[in-house]
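Would you mind keeping the following structure in view while I ask a few things?
Lettered A, B, C and D in written order, each chain numbered from 1.
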Amino acid sequence: MAGNSIGKEFVVTTFGESHGKVVGVVVDGCPAGLPLSEADFQEELDRRIPAEPKIVSGRVEKDIAKILSGVFNGLTTGAPIALMVENKETQSSDYEAIKDLPRPGHSDYTARIKYGGFNDYRGGGRFSGRVTVALIMAGTIAKKLLGRYDIDVLAYTQSIGTVKTDKKFTASEIRKNKNAAATRCPDLACAEKMEEVIINARKEGESLGGVIECIALNMPVGIGEPLFDALDADLAKALFGVPAVKGVEFGAGFKAAELTGSQNNDAFLLKNGKVLTSTENAGGILGGLSSGMPIMIRVAIKPTPSIAKEQKTVNLSSMENAAISVKGRHDPCVVPKAVPAIEATVAITLADHLIRSGFMPKVLKEH
Amino acid sequence: MAGNSIGKEFVVTTFGESHGKVVGVVVDGCPAGLPLSEADFQEELDRRIPAEPKIVSGRVEKDIAKILSGVFNGLTTGAPIALMVENKETQSSDYEAIKDLPRPGHSDYTARIKYGGFNDYRGGGRFSGRVTVALIMAGTIAKKLLGRYDIDVLAYTQSIGTVKTDKKFTASEIRKNKNAAATRCPDLACAEKMEEVIINARKEGESLGGVIECIALNMPVGIGEPLFDALDADLAKALFGVPAVKGVEFGAGFKAAELTGSQNNDAFLLKNGKVLTSTENAGGILGGLSSGMPIMIRVAIKPTPSIAKEQKTVNLSSMENAAISVKGRHDPCVVPKAVPAIEATVAITLADHLIRSGFMPKVLKEH
Amino acid sequence: MAGNSIGKEFVVTTFGESHGKVVGVVVDGCPAGLPLSEADFQEELDRRIPAEPKIVSGRVEKDIAKILSGVFNGLTTGAPIALMVENKETQSSDYEAIKDLPRPGHSDYTARIKYGGFNDYRGGGRFSGRVTVALIMAGTIAKKLLGRYDIDVLAYTQSIGTVKTDKKFTASEIRKNKNAAATRCPDLACAEKMEEVIINARKEGESLGGVIECIALNMPVGIGEPLFDALDADLAKALFGVPAVKGVEFGAGFKAAELTGSQNNDAFLLKNGKVLTSTENAGGILGGLSSGMPIMIRVAIKPTPSIAKEQKTVNLSSMENAAISVKGRHDPCVVPKAVPAIEATVAITLADHLIRSGFMPKVLKEH
Amino acid sequence: MAGNSIGKEFVVTTFGESHGKVVGVVVDGCPAGLPLSEADFQEELDRRIPAEPKIVSGRVEKDIAKILSGVFNGLTTGAPIALMVENKETQSSDYEAIKDLPRPGHSDYTARIKYGGFNDYRGGGRFSGRVTVALIMAGTIAKKLLGRYDIDVLAYTQSIGTVKTDKKFTASEIRKNKNAAATRCPDLACAEKMEEVIINARKEGESLGGVIECIALNMPVGIGEPLFDALDADLAKALFGVPAVKGVEFGAGFKAAELTGSQNNDAFLLKNGKVLTSTENAGGILGGLSSGMPIMIRVAIKPTPSIAKEQKTVNLSSMENAAISVKGRHDPCVVPKAVPAIEATVAITLADHLIRSGFMPKVLKEH
């Protein structure tokens, strides 16, 4: 069942469950010499929980990262970095009553079959969105590494349900409004509408999904491997590892399938001695290798499966048809929480490939 | 640069280039006892080349698979199976003239930077769609393994450019019309229109992309691993390893982002003592594990980057702006050729996970 | 620098340093349904520290394992199991004075070069024998898994310096005297002599090494993979990962090189319907696969490099020749402590291969 | 059963059987820009077969390597390099008669159980020493890479049976007498005695083993990873993957276990501004990392299990005790053939770690 690690040079192994003691991660392969402190993780961990209580689960943890290993005198040593966050706000009793009633859209049924019933089912256990805390911790390190080379990874909410911003944002606009709206949409007018529809969904015992766009700026040219370890292949793998992701596309993505070659191809041109492209349909990746243009990814997030509205299910103990109304604390929309998780996941993958390619050294220079 | 293998138990390593001597593959981890002969590969290899010359590249190879190892007395032995197909129809001179002119939308530029100019640039070299021949050979083995358990993987063309079939097909309809249309669309009326738009695109020096849908039937419940090695994550990784793929979605995919929880969740119900779902928005995967419902994947294929129409590019030798019109033989649309490659890729990933899970044994029983 | 994981199905990732906060391990791929509690680790952890203070370092930690994840209701869940032990008895000041003076025989010099000086040098940091605590925790789980199939792994001290027992022990003799002697030699008369030479060595500011023999009983036939993942190859890799190991041999080992074919070959014979061998020169492994006979491994442990006696070294800061006398607390002989680490390492490797082969299922049956 | 690959950055996947069509290898991760031609492999392949027919098997193949991929214009491209050698001199009928009679000391019995009888048993199939041809091809590439940095790997026969040279050789002595003696011992007087004992052993229907010593010169300092991917751990794993290896030790090896700390520790000293050690007991590896001193490895090779002398075995079909006298062509001593295989194996592992460490770039500079 080993499958809880990702990466070849920057190897991230996560552990922990929603209602267990901790959520944690081991980052193996981080170059030596990177300044790192527990405070570095706080901003990203805090950002995971939007400040607007109306749109998030009643379970609000003040997550505080502990560094267990791999840092000495405030710098990474090259040894594996183990990190953990304690789970405190668990109400496991919520789940006892629905133990045998798999929640539609959740992993309850499939996990029960896979693990012969031994899995920790409380709050989705290992399959909970809470495990993204581990991604965010590893992503914080990855982002610091990328920052050395001015590579920036920026994600934002593009749509919630059918509410969508049509604006194209510059990197500085995304950065500026990063946390301005609880829904993490930099178009603040749109963000407000998103908040409304989430609040309404909750009132109706419903939930919503949405689309997150993520861009990565200043990637050097030629990062990635051909075919199986293509940069887009590894990004997609990592992104589908984030709970609730149902679709991933790069650049024009599914729209590219409707264009002609001359419409879709990004013409090369010289600008200040650099090779750029006039359009960005490829999403910054050609042949699985970074092109030097911004990497652009769109990720579809499904609506939270846990809803108060009654749904049909099957009682796996009595093997009879049944109904369920999920009473536990749950988010009416996980998209805002997923924004930093998507950023982290992209950063982790880029860091791995930058090290694999030899672009990023194993020992960092003084900074 | 090692990145030419995929899988953990059914490990596929490909090699070869478009204009090199061969395209080949090593399949390590195939269970022992599977009947396998060179003839087994022929149907799939033949199927890669639609019989309608108007819609395919002038380069038509009669690909014949050679088994180099791993088979004894007509049965797999458990040792690695090496396979190769010789390249014969190469016109490498086509590429000499455009060596310094990277084709927009292609890997020419990124590969040149990555490999310091040492890459084999002829016909895209290692990045050519021709390497899907290796996937198809490995996929043939994977499909035979899946067939033991009545697991069937079926792909078909859902759209070419803006021509799209809205029909939903049963598995037997897809099977029946598998090769009926050169465009691999089982809706034969639509298939004809697809053929037309491809022929028109070629006339105009253009190319087209499209969408391929792939389903996998009869998967057992609970196959896949949580998080990083989720079944959808590994499928997506493998699929983005197929040249020209720009988007992958499961079940409702990007549409799920617009639905509410109660709309998107697939309710569980009992039918003949089995747990099924009433709808199929999840695409047969919950929490990264197979649910027992059909796996449904949609893959966006971009239009072939090689087009006769003049495009802007940069001369990488003189570092001046330039123009290119690609004269080499190329497909006006790779979607039909990609259909068996997508099937193969999905089959490879499913076989790997079925072995990993312990569902498929390392030594097969008499059949 | 990623290299802190081992195994393909039972994947062990360790973290922590000698003088950091913790030593820990993540075990990914443990089958679900194994009873596991924190108490299970105590016997093995205690056994690491011989009760005789005269032969061990002054640093005696009461190591207590904490289970952080992967266990629910007293049973493994199939999710990764994270474990840690806190470091308490650290006297890091011992190492400040010798920071620039690499101890001969230690990793101080090579680690400093590799990590550009960023490594945690205190007590050897990541290279300390203390990290075997992580192996022992993972090994405890592995042993419990093996126990399900009556597979037993038993190690003991065969020699310390030039003091060697010539006796051959039955499994029950090894088990019986497992902890009888502080030196972990089941020949108690010899064990006493071993203790003496260790005490004498310490008095003289010296240290000693020795040889550990490890046997594994009741392994099924045919476990292992051909060539690179041969059972002996993976055992050797894991064993050389234990600090201070300088040689590994199986069965007759180096002696086999002096025998003729007929002397060295173990003749097959039938006994109670089972295929056995009349001799055991192969050490229970033929062609990299277990033969069903006891696996026999001998491991050479070098004398502790840290000694009070003055040694020549180089001051890496001033780049001048220098002398060093290691004052920190250190073991005069690590062989007794290494005994459970060797057992753990062998158990980890066997568990991995038993799962890989399909012999051990991913979900355990009630027991 | 996947286990036919080794390495993390320089990944070697072998395929082929003793009596199949070919023996081959895919080398993934070779840096781009290395001059490589089919002729490069010839010297190493020829060297595998000592010119003295009296001491080798009657099966003498003129092995000729074919490059199938990964080389363009005489230089490696960064794409996987596939290589193969055809098997021609197979006399498979030799093995039909003994199909059910496992040869003592061979993999016949264990492989039959593991693969449920589907394995290719002819000449040991996948377990034959013939697969070292694949190692030698991959090793040829590795050696060329090492040669760029003046890193040299030299192996020689130190003993055959009880005939042993006590001489210590300089690198140039080993190089000079590399192929001088058919037994590959640079001490030519001793080499002659070795030849005699091999010829005598054959006459008596017997076989002999021996010890090979291998040194690697000019390795930079700090190559390897701590613990599991220690340089010695990975070397040992690779070496035990060579058929017939029963023991591996570094530097003083098993002798170190008898020394005191001050005897075994190699004191550091400055010489021409470089940090060296006064003795070489560590075998050039400290803490799993290269120390800059010569790497010294000793490998025990068991006597060829195939002997004409009658041995006891079991008929696995009738399940009765039986006798066997191996009539097929076989080497009376595989040590001379193993010498280049050991060199190749060491070179492969060093190349992998040099790339992993970042010391060797992914694209080579003009030379």
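The criterion applied here is as follows: contacts are C-beta pairs under 8 Å (C-beta built on N, C-alpha and C of every residue); 3 or more make two chains touch, one makes a residue touch a chain.
Please read these numbers as outputs of a predicted model, since none were measured by experiment.
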item: Result of counting contacting C-beta pairs for B-D and B-C, higher pair; value: B-D
item: Taking each chain's C-alpha mean as its centre, the one farthest from subunit B; value: C
item: Intercentroid distance (Cα basis), subunit B paired with subunit A, Å; value: 27
item: Length of the line joining the C-alpha centres of subunit B and subunit D, rounded to whole Å; value: 38
item: Separation of subunit B from subunit C, taking each centre as the mean of its C-alpha atoms, in whole Å; value: 46
item: Subunit C: positions in contact with at least two other chains; value: 1-5, 8, 14, 79, 114-115, 126, 226, 357, 362
item: Complex interface listing, subunit A residues touching subunit B; value: 1-6, 14, 102, 104-107, 109-111, 113-115, 124, 126-127, 131, 159, 161-162, 201, 206-211, 221-230, 232-234, 236-241, 243, 245-254, 256-270, 273, 275, 277-278, 282-283, 286-291, 298, 300-307, 309, 311-314, 316, 319-321, 356-357
item: Interfacial residue positions of subunit A with respect to subunit C in the complex; value: 1-5, 7-11, 13-17, 20-22, 24, 26, 28-33, 67-70, 72, 75-82, 84, 114-116, 118-120, 125-126, 362-363
item: Residues of subunit D defined as touching subunit A within the complex; value: 8, 79, 226, 357-358, 361-362
